[in-house]
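There are two complexes below, and they share subunit A, which is joined by subunit B in the first and by subunit C in the second.
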Partner chain A sequence: MTGAPVSRRLRGLVFWSGIAMLCVWVLAPIYLIALGAFGGRAGVFRWPKSLMPWDTTLAAMQAFLAVDGVWAAALNGALVAGLTMLFSLLLGAPAGYALARYAFAGQSAFRMLVVLTRAFPLAILALPLTVTFIRVGLYDTAVGVALVHTALALPFAALVSSSLFMGIPRELEEAAWVFGCTGFQAFRKIVLPLALPGLAAAAIFAFVISWNEVFAASVLTVRNKTLTAYLLTVLAESPLHFRFAGGFLLILPSVVFMFAVRKYLFAMWGVANR
Partner chain B sequence: MAGITIDRIEKRFGAVAALRELSLEVADGEFIALLGPSGCGKTTLLRIIAGLEQQTAGRIRIGGRDVSALPPRERGLAMVFQNYAVFPHMTVYENVAFGLRMKGASDADVKTQVERASGLLHIEPYLERYPAKLSGGQRQRVAVARALAVQPAVLLMDEPLSNLDALLRLEMRSELKSVLAASGATTVYVTHDQTEAMGLADRVAVMHEGVIEQIDRPQALYERPATRFVGGFVGSPPMNFIDMPVSGGAARLGAFSSPVAAGDGLVTAGIRAEDIAISDSGGLPFDVVVCEPLGATLLLTGRIEGQLARVAARPDARVRPGDRLSLSPALDRIVWIDPQSGRSLGASPGAAA
Partner chain C sequence: MTGLKRLLAAAAVSGAALTGAMAQETIFLSTQLRPVEEATKVRQIILKGAPGPVTFVVEEPSPFQTRMDAETQAGKRTISMVGALHGELAPLVASKGLEPVDGLVAKATALGVPDAMMALGKLGTNSQMYIPWMQATYIMAARKEALQYLPAGADVNSLTYAQLKDWAKAIQDKTGKRALGFPAGPKGLLARFFQGYLYPSYTGGVVATFKSAEAEAMWGAFKDLWAHVNPNSASYDFMQEPLMAGEVMIAFDHVARLKDALVAAPNDYVTFPAPSAGKGRGFMPVVAGLGVAPNAPNKAGAMATIEHLLKPETQIAMARELGFFPVVKADLPADLPGGIKLLVEGVAKTQGAKDALVSLLPVGLGAKGGEFNKVYVDTFQAIVLRGAPIRATLDAQAATLQTIMNETKAPCWAPDKPGDGACKVN
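Let's look at the complex of A and B:
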């Protein structure tokens, strides 16, 4: 008789401990970095460490932000990430739509191929890419870096949007056609609004992948570095609390961006109309 | 004027032939039901009329205009989908208004039409809601209202009531009938539910394996099935089929005999369960196996010389399993069927006599 409540309590326990684990997993490192960034020189070297945010100081942060080129690099990084997001959606969403709606020969091979691009090591590509980029004038430009980052983010964008479009019943589109829409109008008025939350998720990932990518960004630029690549060169010879400040700044835009689009992530209309 | 002419339409999916040279003529304002078992091609035919599927061969004309190659939006029709396909990100109002807005109707026109359509289907209280907050029956009404709002010349419906529970289905059925009669639209209605088809339609087309077996008024379909398939598919319980030997222009079985317009050999008598009178002697020998009191009738299942048969007896009849009865079918209501082709032999001579 007591079986049901006990198992329910057990399930609740598992559920909440899972949530707690996830929170700790994500938040603890961020918190520690924030502590280092705002703890000042003394805070970083104190031992045993204090886990409480006492005697915070903005000194490290201010000093860091005053470093030459940080702002330019941040702006450049955001530009590259924004372009990456745009390119991977513009290319990935149509590819995903085709994968979801049309049966064509070699479809599964195409799916495989899309993922396989991720298997190609960037390190091998670096030299030929650099040479080619110099030749066509893309070297040391935001567009050039964004193109490489798009190659990294595209498989994800295509596959996510394909499963997204598959989840939207075909009848909705057909109804739109019957009631007077062209194919494109039906896509814009029906499919796109319903797919928006998922597309926002794909966009976030493209943004974050680009923002965090350091290898291609370092190799393909000299003066127009992204923040990540720039910090890599600067922080190597900085004191520890400086590095924390840099690390914290790297996390910040991703988090802010995710907050900005979270409304689309959760604005589910209840696509399933069954 | 929007009659539909379906001219020798064929549809193949790879090796599967879903429709074979199917022709059908629907008059302006007529209500036709496509009735048939699962997989017989009803949905395929409807989608070809709508332009959502491309036929392999044949032509479709609507109101005299050849629409065979036109996209759905240029065919001037509206459709109600089986799973409603109500747009989840629009309010009920915007759903109903969708077709009108696509036509570029003015806001005032949209408003009057939406009010008219939603009034017909009693969905005014939900106009500002999103479909996720509606029950299945309410969503179904929204789908019908969306179709009626554009005042279509042709209305296509694919099993619109199949997702509803039995009570709601009955209610919606009678409501649909009056609403559609008032709209005057030429309607093609797909269903595999025969009571729905018979109750709603002016004429019912019975489909089987990609062809139309028979198309007729519901009562004629019931009384004079053109093929054994139609007799077995329409009506509950299905028609009885009793094979009888023929000699000298008369079919005989047990003490029963009837004139029949067939050569010597075998003929199948199609007899409805309620067209049979029970007597004490003479007629067809019937061994009762099961008695089911159904309220209005007492349904007897048993065998006539080894062949399965069902008889609808009066509810107060005193019959028990194991009894042997003798049956006298109404001669003028028997449908004689050629056992080889499965087609009926036309009116039985008994009716003429």
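Let's look at the complex of A and C:
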């Protein structure tokens, strides 16, 4: 008689403890970083560590934000990430559409080749890439870095948008043609609105990829460094409380972004837009 | 339409203003003083009195080389001047990333830069390739509470390696802690400990004596010492952090990598020279230099900035703020901050030790410097960490070392006996 409620309660317990585990898994490191960031120079070395946010100080944060060029670098980082988002969408979405809708020779080879752009380690490409960029005048510009980041984000944008477009029934488009739309009109009025949330999510991933990339951003720029390139190279050799402050500042935009677009993340796999 | 025109005009004006400003700007690329706090001090204090606007850009050694090579190959420069360690500037000679700065030699010599140091700056050519900028060395630091465990009869300022071992053992026996620490992490400078301290002290050489009988005995003794070294050493890059955290009580490191701990709590620490052994008390001065890039966009600005950085008052400010020591003749003021004073004392005791044995940075290895370091670190890892037989390991690594010497044709440098031709591992 009592078997059913007990097993249901047990299942509930497992379910909620699983959720609690996942939350702790993600939130505990972020909390510890925040604690270090606001704990001050002495706080990070105190042992045993206090897990309560007592005697916090903004000193490390303030020192960090007062470093020459941090704001310019943040602006640059946002600009580069924004451009990367734009470029990878403009190039990736049409490629994804073609993969989803048209059968052409070498389609699967193309699918593989797209992913191949991620197969070359940037460290090997650094020297020739820098030389070329200097020659064509892209060295030390936001556009130049955005182009490299686009190359990194493109496979993602193309493959995700192809799976998105595959999730939108071809019949809808055909119906639009029947009612007199041209191919482009049908795409713009029927397919695009349906795909938009997913495309937005893909764009945001491009943003995050660009925001987090260090190597190209630091080698290809001198004065106009992105925030991640500007800080990450020096963070490894800075005092511990500085590292926490910098780490906290660097993860913050990504976390806020993810939180803001969380419902689109599911749309990305072509599930939510039918 | 007018709005667009006005916008274009504004863009043109600001563009012109930008290029105008860039013509005077000197871009100073440095592998030194990278940590945020130090770079900020360079920008706000050290470069404040420079004759023109200087943009101080810091970069790790590997992207530094990539960027210099890329700009050389592309034939277009953005970097006017560079500041880096002796060993990082050396490869730039072959890759044509440095222009001779003979015009500054007279000035530097007049300010009291020692001749031996100026000679290092020629990097094996006939011209002055860099001007010495600042110097540093490695010392030891200990928390004061460790001093009570010093073995009887040992003076902390003239320790031997045997006494260091007894000291660390005493601490381990009494407190259960392995309290001695070395920077053996991925970015730590342990290779310099072997080249500038351990090898010279035990064998009186670095390359020639690499597999000598003394070296064999040395590795045996160091392996015994390691039993009392904190095993976390394999992850330490900068010893200031484990010192501050109380993980270790005695540490060896570069002065700039001990500085934070000493500055944060000057009353808690003592500084003293590294230990000695049979052949003396090895120590290695480190020199950073300033160079000018060929076809630099602002050569005049670069030369003027180098002159500014050589001024005695700038050099004293660098010691006070950053813990790097003057290369010119300059008396350090008595009112230095406590932590910096500890550093100065440690360095003075090292240089002034009766049995001091100077070991130079590797000379003439060019781009092979990294491989040279690897020989010493690999030997350490094989013998001490993995327990490989000492004689066989030394013989195998000696062959690698000889190959590097033959390929670079580098003659022996101090404390090995100088001679003609490639240095020989005996």
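Here is the rule we use: the second predicted complex is superposed on the first by the 235 of 274 C-alpha atoms of A that agree within 3 Å, B and C clash if a C-alpha of one lies under 4 Å from a C-alpha of the other, contacts with A are read in each partner's own complex, and residues count from 1 in each chain.
One rule holds in what follows: a contact is a pair of C-beta atoms (placed from the backbone, for glycine too) under 8 Å apart; a residue touches a chain by one contact, two chains touch by 3 or more.
None of the values given here were measured: they were computed from a predicted structure.
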item	value
Touched partner set for A:Glu174, first subunit B, second subunit C, both or neither	first
Subunit B versus subunit C as contact partner of A:Leu127, first or second or both or neither	second
First (subunit B), second (subunit C), both or neither touched by A:Ile190	first
Subunit B versus subunit C as contact partner of A:Asp140, first or second or both or neither	second
Touching partner for A:Leu232 - first (subunit B), second (subunit C), both, neither	neither
Per-residue contact with subunit A, leading partner among subunit C and subunit B	C
Residues on subunit A engaged by subunit B in the complex (per definition of touch)	169, 171-172, 174-182, 185, 190, 193-194, 269-271, 273-274
Interface residues, subunit C side, partner subunit A - complex	27, 29, 34-37, 39-40, 43-44, 55, 57-60, 63, 66-67, 69-71, 73-74, 76, 78-79, 187, 237-238, 240-241, 244-246, 260, 264
Interface residues, subunit A side, partner subunit C - complex	41-42, 45, 47, 63-64, 66-68, 126-127, 130-131, 134-135, 139-140, 218-219, 222-223, 231, 233-240, 242, 246
Of subunit B, residues touching subunit A in the complex	50-52, 71-73, 77-79, 81-89, 98-99, 102-103, 130-132, 139, 146, 150
